[in-house]
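Across the two complexes that follow, chain A remains constant while its partner is chain B and subsequently chain C.
Coming up: the complex of A and B.
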C-alpha cells in the first residue's frame, strides 16, 4: 500500500507539473507553424497524404534553402483525429507561439473562428471552412484560398450544364453529403440556384456512423434516378460511395465530387470501374515539375518524407495538394517578411501577408510548380481569391486534367456570401468589422 | 497517523449523520477546494483551463447525473449524450429567444427541458429492466440526435447546422462566447458544479436516495415495503436528466462555444458512462476521479513526449496514448472492480488503521 501511495503521489506531482508548465517561448530565428493534423481515426486515409505534403514542403525549404529568407520554419503537428474536441484542445495548446492556425476540419474551423478576433491569429483553411469567410471585412482573420465550397459548387454546376445553368432545368441533382458542417456547406447555395434555374436538389445525408455502409442512400439514388450525383464526402465516405456507385451501376460520368472527394487511394479500390468519375480541383498533380523533382531529391530520396512510396503516394492528388497548401502559407509569410522587413513576422503581420497574396502564373512558375495550382490573389476584402479550378477525371489508374479552367459564377454567390457573413456577425455581436478596408 | 479517528466522539445524532463524520475528510476537502478556487486559477495557463480543468468539471457533472440514475436508482441509460444535447439546445433557444435572460436562469431552465424529455424516455423503465431498458434509452439517443439535425428551428436555421454561442455577460463579466476569458468560465463552471454536487450528496443520502437504493437493490422488496416504484424511478430520471441537461448546457456554453448535432451522438454517452463506471457507480466522488482519468489524463500524457523532448511524432503519440489509457482502465478495473471511488475508500481505511495492519 505504501509503494502504491508513493507512486500515486509521484505520478500526480508529475502530472501537475506537466499540465501547468507553459510551452517553450518563441525564438527569433524561427517561425512556428502548427498544423492540426489527423493521421488517426476514420479520416486518416485522406488526411495523411495531405499532411505529408504540407510537412514535406516545409522540409524542402529548410533542406534546400535553409528556411525562408534565412529563417528556419518549424513545422509541428498536433493530432486531432478530425475530432472537434481534440481540435480545440490542440488550438489552445499551440496558439501561444503560432503565427497561423490550420484547423483542417470545417467543424474545428467553426469553433476557432469566433476566437480569431480575440486571439488575433489568422486561420488558414485552403479550400475548406465556412464559405462566407471570403468576406475579409467581416472575417478579418480567416482565409480560405483559392476557392470556397460555394465556388466549387458553382464550378461543378457550370461544368455539368456546359456553361449555362438553365440547361439544368427540370433535371434532378442529388447531393450526397457527409452529415457534418462540412457536408452541409454547399446546401444554401445549391438551394438558391435550384430555385433560380429550375432544377430539383435532393440532399442525401450520410451520417458519420454509416459512412462505410451507404446501401440505404444508394437505394434512394437508384429509386430517384437523379441526372447527376454531386458528392461532398470525406474519409471513409468517399470509398464507400464509389464502391456503392459501382455496385448499383450508376453512370460514373454523372458522378462528380468536390476536391476532397478525389483521393487516388479511394479510386484505386474501384480501378477501371471508376473510369469517368470527376472531381473538381484547384490543384493538379504534376510530378515532372521542378518543384516535385526538388522534393524527390531533397526530401524523399534522403528519407525525410513519411510518404508511402510503394503505393505511389508521390503522384497522388492529395499529396501534391498538401504541398500547395504549405506553398500558399509560405507565400503569405514571405509577403509579410518583405512588407514589414522582419525575420519572423507576428500573426498580425502574417495576416497582412495572406491578404496580399499574389500567386499569379509567373509566381507559381517561379516556385517551380507550373500548372499545379490555380492562379489567384487576395485582398483585404477578398480572403478567398476565387481562383477557380479544373475538373480532374479518373482514367482508371490516375486523375487527369479534363477541362479548361473553370471559374465560379461570382455574381450568383456574392449576395449570399454577404448575407451569411452579416448574419454571422450579428449573431456573434459585438463582432468587429474591418473598417479600414476600402475595397 | 494521517487519519487518526481516535478521540473524535459523536455525542449527538446530529454529529452522527453529519456530512463529514471524520474531521480529516472535511480538512481534505478544504484543501481540494483551496486548490480549485485559489491555487489553480492563480497558476493555470489558458490551455490548462480549456483542456483540463473546465472539461473535467463538466464531464464529472454529466457523470454525476448519470450516476444518480444508474448508480443509485439502478436504471441503465445509454441516452446521456442526447440528454446533454437537449440541455444545450434548450439553452441555445432560450438565449436566442430571450437575449436579456440571465445566463444562470437560462441554464437552470434548460435543465427542466432535458428533465422532461428524460422522464418521457424513462417511462419504459416501469415495465422493462436492465439491458432491455438500455436499448429503450438508446432509442432516445438515436431519435434526439436525428431531431437535432433535422429540426432547423433548433439551430436557428444556420447554414452549417451548428449552434454558435453568442457573447453573454453576467454582472459585467463575459462568461460565454468567444470573448469570455477562460478563468471566468472556469469559475462559473466550478460554482455550478459545487452547488449541484452539494445538492446531489444530500439528495442521495437522504430519504429519496434511500428509496432509489432500495429500488436498485431489489425492486419487488422495495415495492413491498411501500415504495412507489413509478414515483421513485421517474424521479430518478427527472433528477438525473436535469443534472445531465445542465452539464450539456455548460458543455456548449461555457466550454465548446459551438456544437453540431453529431457531438451528442453515442460516443459521448459512452464516454460519460465509462466515467461513471470507472469512477464507481453509486458514488459522488467517483465521478470526479473517473473524469480525471478519462478526460484529463490523455491530455496530460500527450504533452509528456514534448516536455521530455522525445522525438515521437503526433500520430504515434496519439496511438500510444490510446494504448496507455486503455491499459490503465483495465488495470484499475482489475485491481478494484467497484471503481476508483472504492479504491480511495480502501486507501482511506488503511490510512485510518496505519501503522497497524488490522
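Coming up: the complex of A and C.
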C-alpha cells in the first residue's frame, strides 16, 4: 500500500511537473528533438512501442557515444493522444527550439504542413503523412521516407497479383480503413488502379467508436465476399479487425495490412488463429543485430528503457521500427553536421541533411542494423526515397519475413503524386515551390 | 424512382432473399445492444442515487479490466484475481466518496460532473503508470468463458453464434435481473431509490448518504468490470475501451437518465436498429459507418417528442 501511495504521489508530481515545465532549450552543445507522441488514449497500445524505440535509439547514442559527433541529443515528448488539435498545440509549444517536427499522425501532419513553410522546420513523417509529400519541390519542408502509403498500396497489390495487376481483373478488394485522414490516404491511388486494371474497390470505413466492435463491417465482408481485404488500421482497430476476421473465418492469407497494421501486440490477441496474416513493412526486426545488442547493453540492461520486457517488446516489429525512425532522423542530422561543419545544425541545415540521406545497405550495416531497414536515398526532388519493403507474415507467435524486397510501381504512382501535389499547392496558394532544385 | 426503390424496397428484398444473414445481423445487434445497456446501467445507477452524470464510467471499465488482467499477469489465478479486482473497485468507490464526493456535498451538479472528469483524468494517468499502455489479452479461458461457436444452418444458409457472445448476453441478463431484484426488494436498494427520489427526505429518515454513495459506486464498478470482461474478450483490453462509453450517451438520451429499464430497452433498441440500418441502408446507400451517428439521430428524434427520454421522469418544477 505504501508503495502504491508513493507511486501515486510520484505520478501526481510528475504530471504537475510536466504541466508546468517549458520545452528544453536548444543549446550549442545539444540538439533538441521533440516528438509529438501518444502514450495515452485509444491508440496508446500501438503508439507506445514506437515511441519507446525512438527514445531508446537517442538514449543509446547519448550513452554509448556521448551524443552525435560530440553533441548531446535532447529527446522530448509532447503527448497528443493522437488528437489533431492537441498535436497542433504540441507543435506550437515545441517549435521555438525544435530542429524537426515529428507529427505522428496524418491528421496532425496535414495541419502542420502549411505551417512548415512559415516556420521553416522540417517535418519528418517516416512511412506516414500525405503521400504526395514525396514531391520535394512542392513540399520543401516535409519528408516521408522510406516509403509512402501509396508505395505501400502498390506493393501490396503487386504482391497479391503475383506482380501483374491485370491478374486482379474482376476481383473484389475491400479496404477496411480507419475513418480518419490516415485511413483514407490510399483511396485515390486504389481507385485509379481499380479503374485501370478492372478490379472492384470496396472501401469499408471504421469509426472511432466502432474500432472494437466491427461486426457491421465484417458482416459486410461476409455479404460481399471480397477476394482480398486490405487494412489501413491503427490502434484498437487492428485488434478489433483481427478478432472479427477470426470470428468470420475469413482466410488469413487473403488479409493484408499496411505497416501500421502489423503490430505483435495486436496479433497476440488472436495467436494461432491469426496465422497467415500479412503486413507489408519497410522495417524488419532483427534482435541479434549489433545495434540491438548495443540497445540491450547500454539502454535496456541499464534500466534506461521504458519497454515492457515481460511482453517481449524488445523483439517487436514496432519497437524496432521506432529505433529505425530515430536512425533516419539522426542520419539527417549527421549529414547536416558534415555538410555545414556545425555541431548543432539549424532546421534549414537539417532540411538539407534529410534531402541527402543515403542509407544504402553498406551504411545500414555500418549502423549495426543489417536487414532492419529498407535501403533508400532522398534528394531535393524526392523526399520519400521509395525504398519499398517486405511482406511480413504472422506465424502464430511472431512476424517473419515472407517475401523478397517489394518495390512500388512508380510509373503508376508518380502522375497521381504530381497531380495531387499541384492541386494542393494551387488550393493553398501562394504556395512556395523550390525552384533551386533542378532534378 | 430508383432512389425510392433503394430506400423502400431493396433493403426489405435483401432481407427476404437472405434470411439467415438477417438473423445474423439481428444477433450481432442484440449482442451490441446488451453491451451498450451494460455501460448505460453504470451511468443510470449513479445518476439515480446522486444526480451525478458520471463521466468516469468509461475509464472505470478500462481500470477494472486492466486490474483483473494485471493481477493475473502477476501470477494470481483467475479465481483469486477476480474477487481481488472487486476489492480494488470497492476501495476505489470508498476513495471517490471520501476524497471527491464528500467535500462536494450540496455543490451544484456541474461541479460534481467536473469532479468526475477529474476522476477520469486521474484514472487514465494512474492506470497508465501501473499497467502501461499496451494491449492486453483478456483472460477469457481462465474465467471459463467458452470461446468456440455454434453454427446453425437455417434457410439453407448459416448463422454463427460465438459462445463468448452468448455468455455475455446471459451474464448481462443475470446481472440486470439481480440488480433489479436488489433495487426493488432489498433495504439498501430501496434506500438508493429513496435518495434518487428526494435527497432531503431520504436523509431525514436516517439514510446515510455516504454509505449509499459507496455502495452505488461499487455497483457501478462491478458493472464496469463485467463490461470490461465482455468487451475485452472481443478485442483485447486497452485504453481504447474508454471510447465505448460514448456509445452509452445516446442510450441514456433515448431511455432516460433515471431509468434502469430505459437503459436496458434503450441499449437493445439502439444496438439492433443501428446494425440493421447500417447493413441494409447505411452501407449500400451512404458508404457505411452510419453507426457513428445513427444512435444520436434516433435519440434526437425521441427527444423531440419526449424530452425526458422514453422512460425518464417528467419533472415539473413549481416557480
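We take it that the second predicted complex is superposed on the first by the 414 of 439 C-alpha atoms of A that agree within 3 Å, B and C clash if a C-alpha of one lies under 4 Å from a C-alpha of the other, contacts with A are read in each partner's own complex, and residues count from 1 in each chain.
Rule of thumb we're sticking to: a contact is a pair of C-beta atoms (placed from the backbone, for glycine too) under 8 Å apart; a residue touches a chain by one contact, two chains touch by 3 or more.
None of these values were measured; they are calculated from a predicted model.
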item: Three-chain arrangement built on chain A, chain B and chain C clash or fit; value: clash
item: Chain B versus chain C as contact partner of A:181, first or second or both or neither; value: first
item: Partner chain in contact with A:219 - chain B first, chain C second, else both or neither; value: second
item: Which of chain B and chain C A:208 touches, first, second, both or neither; value: both
item: Which superposed partner A:385 touches (first chain B, second chain C, both, neither); value: neither
item: Touched partner set for A:127, first chain B, second chain C, both or neither; value: neither
item: Touched partner set for A:103, first chain B, second chain C, both or neither; value: neither
item: Touched partner set for A:92, first chain B, second chain C, both or neither; value: first
item: Which superposed partner A:428 touches (first chain B, second chain C, both, neither); value: first
item: Which of chain B and chain C A:117 touches, first, second, both or neither; value: first
item: Steric overlap of chain B with chain C in the superposed model, located at which of 24-32, 42-50 or 132-140; value: 132-140
item: Doubly contacted chain A residues - partners chain C and chain B; value: 15, 39-40, 179, 205, 207-209
item: Complex contacts: residues of chain C adjacent to chain A; value: 18, 21, 24-25, 28, 31-32, 35, 73, 124-126, 128-130, 132-135, 137, 149, 160, 162, 231, 234-236, 238-244, 246-247, 275, 278-279, 282-283, 287-289, 291-292
item: Residue numbers on chain B that touch chain A, as the complex places them; value: 43-48, 50-52, 149, 156, 159-162, 164, 166-167, 177-179, 256-258, 260, 262-263, 265-266, 296-297, 299-300, 302-304, 307, 313-315, 317-319, 347, 350
item: Residue ranges of chain A in contact with chain B within the complex; value: 1, 4-5, 15, 18-23, 37, 39-40, 76-79, 81, 84-85, 88-89, 92-93, 96, 106-107, 110-111, 114-115, 117-118, 130, 179-181, 184-185, 187-188, 205, 207-209, 306, 420, 424, 427-430
item: Residue ranges of chain A in contact with chain C within the complex; value: 7-8, 11, 15, 39-45, 47-49, 179, 203-213, 215-217, 219-220, 222-223, 235-236, 239-240, 243, 247-248, 265-266, 268-269, 308, 310-311, 313
